[in-house]
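Letters A, B, C, D, E, F and G mark the chains in the order given here, with residues in each chain numbered from 1 onward.
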Amino acid sequence: MIADIISAALIAIGAILVLLSAIGLLKLPDIYMRMSATTKSATLGVGSILLGTAIVFWDIGIMSRGLIIISFLFLTAPVAAHMIGRAAYINKVPLWENSIVDELNKNVEDNEHVKQ
Amino acid sequence: MIIMLAILVGVLYAAGIYMLLRRSIVKILLGLLFLGHAANLLIFTVGKLTKGKPAFVPEGGELVEPFADPLPQALILTAIVIGFGVQAFAIVLFKRAYQTVNSDDIDKLNSTDSLERG
Amino acid sequence: MYSVILKTATKYLTPLMLLFAFFLLLRGHNEPGGGFVGGLVAAAAYALMVISYGVKTARKELKYAPLSFIILGLSIALISGIPALLVSETYFTGLWTEMKFPVIGKLGTPLIFDIGVFFLVIGITTKIIFTLAEEDQE
Amino acid sequence: MLIAVLSGIIIAALTPLIFRVMKEKASLLLSLVPVFLFAWYLSYYNRVANGEIIKEVSEWIPAMGINLTFSMDGLSLLFALIITGIGSVVFFYAAAYLKHDKYITRFYVYILFFMASMLGVVTSDNIFGLFVFWELTSLSSYLLIGYYFDKESSRKSALQALLVTGTGGLALLAGLILLYIITGTTEISEMLAVTGISSHELYTGAVILVLIGAFTKSAQFPFHFWLPNAMAAPSPVSAYLHSATMVKAGVFLLARLNPVLGGTEFWQNTLLIFGGTTMVIAAFLALKQTDLKKLLAYSTVSVLGTLTFMIGLGTETALKGMVIYLLAHSLFKASLFLIAGSIDHETGTRNVSQLSGLKSFMPFTAFVAIFAALSKMGFFPFYGFIGKETLYDAVLKSGSNEILLFSAVFIGGAVSGFVAITAGIKPFIGRTIETPKSPHEAPLLMYAGPIVLASAGFIFGLLPESFTGNIVEKTASAIAGTNIEYTIKLWHGFNLVFLLSVVTLVVAYLLYRFRTKFTNISIASGVGDFIKPSMLYDKSLSMMISLARGQTRLLQNGYMRYYIVLIVSTALGLTGYVLFTSVDMSVIDISFDITFSEVVILLVMIAASITAIKAKRRLSAIASLGVVGYGVAIIFIMYGAPDLALTQFSIETLTVILFVLAIYRLPKYLPFSNTTLRFRDFIIAAASGVMMTMIVLLVTSEEMVSQLKSFFAENSLPLAKGKNVVNVILVDFRALDTMGEITVLAIAAIGVYALIKLRMEGRK
Amino acid sequence: MITDMVITYFAMPVLAISFALIFIRIARGPGLEDRVVGLDVLTSVGIAFFAVYSVFTKNSTFLDVGIILGLVSFLGTVAFSYYLERRGR
Amino acid sequence: MKTLLANIVLGFTWMLLNSDLSYQNFLEGFFVGYLILWVAKGTFSSNRYFTKIPKLIGFVFFFLYELILANFKVAYDIITPTNLMRPGVVAIPLDAKTDLEITLLANLITLTPGTLSMDVSPDKKVIYVHSMYIENVEEFRKEIKTGLERKLLEVMR
Amino acid sequence: MDLLLLLPVLLPFAGGIVLLILKNHQKSQLYGNAVVSLFSLIVAVGLFSAIYDKGIYSVQLGGWEAPFGITFVADLLGSVMVLITAIIGFTTSIYSLASVDDERVKYGYYPLIQFLLMGINGAFLTGDIFNLYVWFEVMLISSFVLLSLGGTREQLEGAIKYVTLNLLSSAFFLAAIGIIYGLAGTLNMADLAVKFSAIENEGMVTVVAMLLFIAFGIKSAVFPLFFWLPASYHTPPAAVSAIFAGLLTKVGVYALFRVFTLLFTSNTEYTHTILLFVAGFTMLSGVLGAAAQNDFRRILSFHIISQIGYMIMGLALYSPLAIAGGIFYIIHHIIVKTNLFFISGYVNKIKGSYELKKVGGLYKVYPWLGFLFLIPAMSLAGIPPLSGFWAKFTVAKAGLELESFMIVGVSLLVGLLTLFSMTKIWNEAFWTDSPKDAPEDVKPGVFTKISMLTPVIILVVITITIGLYAEPFFNFSVRAADQLLNSGEYINTVLGGGS
């Protein structure tokens, strides 16, 4: 019963987090913010849901699978976000007009690591 | 649900054919991808859908109805893979073609069957 | 493409991907997976290397030419049907060992066939990706 | 008889070898072939003359009723003797005529081949056997007319002859098949016994088709135009094929089938009308010719008309007359052609107006020419005289429309006389005119043969009954299908017919005397211009080519969209028709049983499809398509297909990688089409979509129980040792599919590699 | 069971709505970068959906698909950024 | 030694994947892992895994806390119309030296909602971080350096 | 015997693999390919004679009884197709020795040829509709690669249309298979024949028939679905053109023959009437297309289409004689058409062009080449007693027996126009002199001569043999047609005798 409640809560929270990132993706004004806000909420949301799932099944195999997915996600999501963010910056996708500082800009010219 | 899937299949076919009728080489490629999805989904839909239960024989037991018909799945899998191979080749072929003519316009590729140049 | 982050991530991801690929291959007969998806995941590891380290490194890491994998895969698939002929059954008739092996479980010609598929898929995917990337990265 | 036919073909095949071994002498050796064959056929003379019909059967394709059945009766023997007899003369003649020609080997190959085929035509009893040889004569004629292939006119004439006779050949084929269907047999001898042919519903069709075949071959109006053009061939060819033998194949066929198809008004009248028209029109056309060979050619056409006409007349006398005239014509016309060749060979010109007084230079030739001309004119006591007298006799006794029919024959006769004077006598008498080459006598081989032919015309005339009586009788009998008994006489007394013969000669002389005025007034050219079927040939050829170009521009226009529109429309039409006419649509189940999330996913997929279509940038389109792909995978999951979803995801990703690697650095992605076009495409696409939706609904509304499903479920684990049934199907139940599948992948990889690395543009 | 109810009446619809919202971003763009981000997040939604669905059907097989999805979609995103970067230079 | 460790990790992963925590299964996984490490040897064999397990656990909890906190911040911003955002890109000098350290740091920064590692300078001396809430640039720099980076390096070294 | 039935697929597969291994050994590839082709020929002869003597034979792959596994079936039609494929494969392998450049060999020409043959043979032998799809794809992808191998602009342009339209065809095929399974719950063709005859909603079966007609129609290049063919067949090297011209479209025709005699036999009034119209327009538009061309291979390409029309006519008329005629036509056509493409390649070798305007004077210098050309050309035009005549004769006779005068008329007219095209080639390439500015002839060396002319001579001999000894071929066609029309034997063999 308690397990049931916990899993239900985890799944519900996860779903809400995912929904939040979806809203954020739509609402936030520039790509960088959309990314820094959403990729992670989603990851966390998925994590939460997976945890809930694991609890429902309460089976070592399934739990371990859930764990593997979570670690995969935590491993890959930030790298992916970094890649897109960098690409966006190189493609001169502008920062939101109210951004207060851009210390990468002055360095972007000497960041010519176009090695390959 | 079947009626929705049927409509979706129709939309995918329509999209595929519409894209095949474009002049841009890449759009034609996309049309082929659409047709691939459409055909796969069609087989899947007409192969008698069964919700939820995949065709895995449980440990020490027997597979009891209702379960999804594995055969259409196997067919689609084969078709997807074959489709992938063919598409991979097509993508590169189209790339080479526009490299050669330096245009994305399929209408520029008719020297082999127009009478005037032949 | 130069990115420390991607490179480092790739370094740790690829062994995991390969492991997962084996996992998918070997259990495919009983659970979702199989030679095809396994091969694709393995190839995906090398695709990742192509993007983060370049084709040269990826080729070196693959150790053998993609074509060898293709040939190996096709040959295994072809040969896996032959044992049946030796016991005068129709080509492709599955033959199974009674004994259970570690790692794989019961061994049978259909499994060998699936291994052929696995290698072939690695071969063709890397061949295609390497070729395209080489043209692109030149 | 098979051997006789085949020997020609076999020797033809060996000819290049013979020439290689024997060099120039080969032509003489080969010329002995027709001589031997003539002798061989002659050895049958007595048996045939006694009324025997000799049959010989070699099975060929009995299942189709096609055999090499040969039969020899009077008609066959007469033709065989003409073919080999004149063949002998022509072969020897050519040995001298083409002595220094580079391609003489090919000449003998073709002409031997032709001779053999021709013998096949006249001795076959099987209609399809006959047809095979018939077509081979057309083919060899094509190669022979094009003998001087360097000249465009030769090539054109060859093609014309081939297409005209080819058209006829195809009609004939259809006609013969109909005849086969009507009679149930392929043997002419057996058809004779079949009754009720003329009342069969296919009779008229069969007759028309057979007649087209015969008329094209025998240059009957309106197909006559190819024959004068065929004079582009070397003179021996003209003499042999286009006067003595091949062009008579049509007449032969009419004669051969007369007892089978004849006897009806339709048959007789058609032959009369076409034969008569040909006879008269060709006569008029002959009047204006100045080229020796063309002159003779039109005259030949006229004679062919006459022969057809006589079969159409169909009385005993007419048939006899036809046979005699045919034989006579073969003898004198061949001679005249050969002489025309000699004149051309020695003087360098064939223009009649430039030829005069050659007798002093070419005495032997002159002698032969005059002999042949006299026969052609129907001069007493030549064989031609008998021929013409019998014709007149037959026409006058025909019983209806005598005046009309006679006028036609008379015109033919008079012009024939005119041609004989112009071609056979005029060049040799009178004063000498300068010619391109200084003339001297032709070599012996070139006049010896004609002498034989001309003398035959003379001797046959003197002793018609003893030399030709039997064969003429048996031939006429074969044509009539009943036994005809008859004695040929040279002299019938001073009767109306003789009087008319004399008048004919007088008119012929007058035509010759006033020929220049005649050509100026030019009734002939008036008639000629008015009726010019050759224009029709040219027109239809050019029309065919412009039609061809037009349809190619229309259909194969190079625009792939257009191809796809046609293909998809065809599919829509064919399938839609069935759907709306013979499928019960009421079975469709339109109940909605769907959850909120399913609706959302499906709607998003549809929306993503639309975005992919409307995307302004390629990768945006690919991203949208990715959503569709994910959606498909989710559907796979929802309906219990995890393996499919796995595969779908992996492939989706790989496709993205391929796209990204491949379409980097593309030229701009531009919207090309206008609104109308997009609307058209939308309609076609939407219609296809609707159709597929309907099909899916119809199929899913059917109850289907698959034994396969339960079989796989039950046997997967116990027999194939696997719990994942889908995987078991892939690697065991249907492993062969997978083997094919991986082969496809391997080939695709090889292909990608080759496409990228191998670029041979601009290299040889 | 509470979990089942939460899944049926809350989690699945919410995930579906998220799916739709993310799609709107993918469709609207404006840049390819935004679409790629969208696809990336969509993957997460997909994994979540499979997890929920496996609870819903009491069948853990679907979780495995999530593993692949997580792994492979990463590659897709990287490939897209690879393209974007090269385009940007 | 490091390779052996990696091999053990792989063997463990295998066990989890197979949902079978038996001794035999670990051996299988170890074997497969060995094969893979052999296949991947060369560029990918210098591993540095979890040497300090307790520190690691502490760090994980610290990070999870940060994560959840930040999530609330962002969530609040997303659902309310009020705009608290002061975004920008900040360059942060790195103490982290090895690729692994840098990568882990960058990933952790990215994983924290509101911040995003955008790039690392070619000389690996500076990391550029985008953040949604920068009250003060220097403050932000310090926050990262003393918080996440230091704690991470403690675990790693 | 079981193995004999599978070897036509396994042998080229194994051969392809071996040739891939020999990738870097030019010479061993050349001869390896020839050896594999020779073995295939021997196998094909063995299979054919076995089927000819003993009747239909089937093998259940993997030992799974029909309709659960995949069945391979050889009947007379299937086995003769395999035999002809082997002949063409063998002659092409000889022809390729001298005519295919080293670079193409280096990039996999020979393995591709073997894989192509594998796909073709698979299509002829399989008794399973989905497996047929797989073989079609094997064949297609090999042909895609072979067509574009070399990557010249012309090749690429042709390949794009070829690929796109053929993939469209595959999409139709796949949809049809899905529907078939949805309707009947089986994929085995013999089983389908049984199930289809029991289906109540007959209209849906006809719908499937139409979809398959479109799919196979595109592959067999019938009107109005043929566009990919004239756009592409003249672009690759002659050896590739030749093998395509002979075999590929005929696989489509074979499939049409198979399904329209085995599966879709209940609504012939609709289906076969459509086939008849298609046949007529195919003949006409193909031959007219040829008449508009001035290039050796383009003319030949369009003629493939018009000749396909005759085969479809045989199927459409649907009498035993008509189908026999169609089969005879297929046999004859493959031999003759391949040969004409071989010859075009040799002419190109000498003259450096396929364009008739740039080619000429061959008759003067190469009379024997003229002879070698005339035999297949005249056979194609239906001049007796060559093979084409008997084929046309049989079809025409069948048409006249059924009183389908229109179609017979069209077929005869088309014969005439074919003659026109063949004489055009003869006239312009052989009789007419070379244009003044033409480059000097390349005198082929002895090896080239042997390699490129031996196949031509072999095929000429076969053409003459079929012409002069038509009886056995005709009887065979009748027997094969009989087997197709009385599908009971086929069904019983596959499903295990239960009558």
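We adopt the following convention: a residue touches a chain if its C-beta (ideal position, glycine included) is under 8 Å from a C-beta of that chain, and two chains touch if they have at least 3 such contacts.
From a predicted model like this one, the values you see are computed outputs, not experimental measurements.
**Q** Through how few touching steps can chain A be joined to chain G?
**A** Minimal hop count between chain A and chain G: 2.
**Q** Looking only at C-beta pairs that count as contacts, which pair of chains has more of them, C-E or B-C?
**A** C-E
**Q** So how far apart, in whole Å, are chain C and chain D when each is placed at the average of its C-alpha atoms?
**A** 62
**Q** Take the average of all CA coordinates in chain B, do the same for chain F, and state the distance between these two points in whole angstrom.
**A** 40
**Q** Averaged over CA atoms, how far is the centre of chain D from the centre of chain E? Could you give it in whole Å?
**A** 70
**Q** Quick one: report the Å distance separating chain C from chain F, using the average Cα coordinate of each chain.
**A** 30
**Q** Among the residues of chain D, which are close enough to touch at least two other chains?
**A** In chain D, the residues touching two or more other chains are 549, 552, 556, 558, 560, 564, 638, 642-643, 646-647, 650-651, 653-654, 657-658, 661-662, 664, 692, 699-700, 704, 706, 708-709, 712, 722-724, 730, 732-741, 743-753, 755-757, 761.
**Q** Residue numbers in chain B touching 2 or more other chains?
**A** 16, 20, 28, 38, 40, 42, 46, 48, 52-54, 56, 71, 77-78, 81-82, 85-86, 88-89, 92-94, 96, 100, 106, 109-113, 115
**Q** Give the residues of chain A touching no fewer than two other chains, as numbers and ranges.
**A** 23, 35, 39, 43, 59, 61-62, 65, 68, 72, 75-77, 79, 81-83, 86, 113-114
**Q** All pairs of touching chains, please: list them by chain label.
**A** Listed in label order, the chain pairs in contact are A-C, A-E, A-F, B-C, B-D, B-E, B-G, C-D, C-E, C-F, C-G, D-E, D-G.
**Q** Quick one: in the complex, what on chain D touches chain C?
**A** My answer: residues 642-643, 646-647, 650-651, 653-654, 657-658, 661-662, 664, 719-724, 727-728, 730-732, 735-736, 738-739, 742-743, 745-746, 748-750, 752-753, 756-757.
**Q** Inside the complex, what are the residues of chain C that reach chain F?
**A** 2-5, 7-9, 11-12, 14-16, 18-20, 22-23, 27, 53, 57, 60-61, 63, 102-103
**Q** Going by the contact rule set out above, which residues of chain G touch chain D in the complex?
**A** Where chain G meets chain D, its residues are 13, 16, 20, 61-62, 64, 67-70, 101, 103-104, 106-108, 111-112, 115, 118-119, 122, 130-131, 134-135, 137-138, 141-142, 144-145, 148-153, 160-161, 164-165, 168, 172, 175, 179, 181-187, 201-204, 206-207, 210-211, 213-214, 218, 224-225, 227-228, 230-231, 267, 270, 274, 285, 288-293, 352, 363, 367, 378, 383-385, 389-390, 393-394, 396-397, 400-401, 405, 408-409, 412-413, 415-417, 419-420, 423, 427, 430-433, 470-471, 474-475, 478.
**Q** Residues of chain E touching chain A in their complex?
**A** Of all residues in chain E, those touching chain A are 1-3, 5-7, 10-11, 14-15, 17-19, 21-22, 24-25, 31, 33-34, 36-38, 40-41, 44-45, 47-48, 51-52, 54-55, 60, 63-64, 66-67, 70-71, 74, 77-78, 80-82, 84-85, 87-89.
**Q** Report the residues of chain E in contact with chain D in the complex, numbered from low to high.
**A** Going by the criterion above, the answer is residues 12-13, 15-17, 19-20, 23, 26-27, 29, 32, 35-36, 38-39, 42-43, 46, 49-50, 53, 61-62, 64-65, 68-69, 72-73, 75-76, 79-80, 82-83, 86-87.
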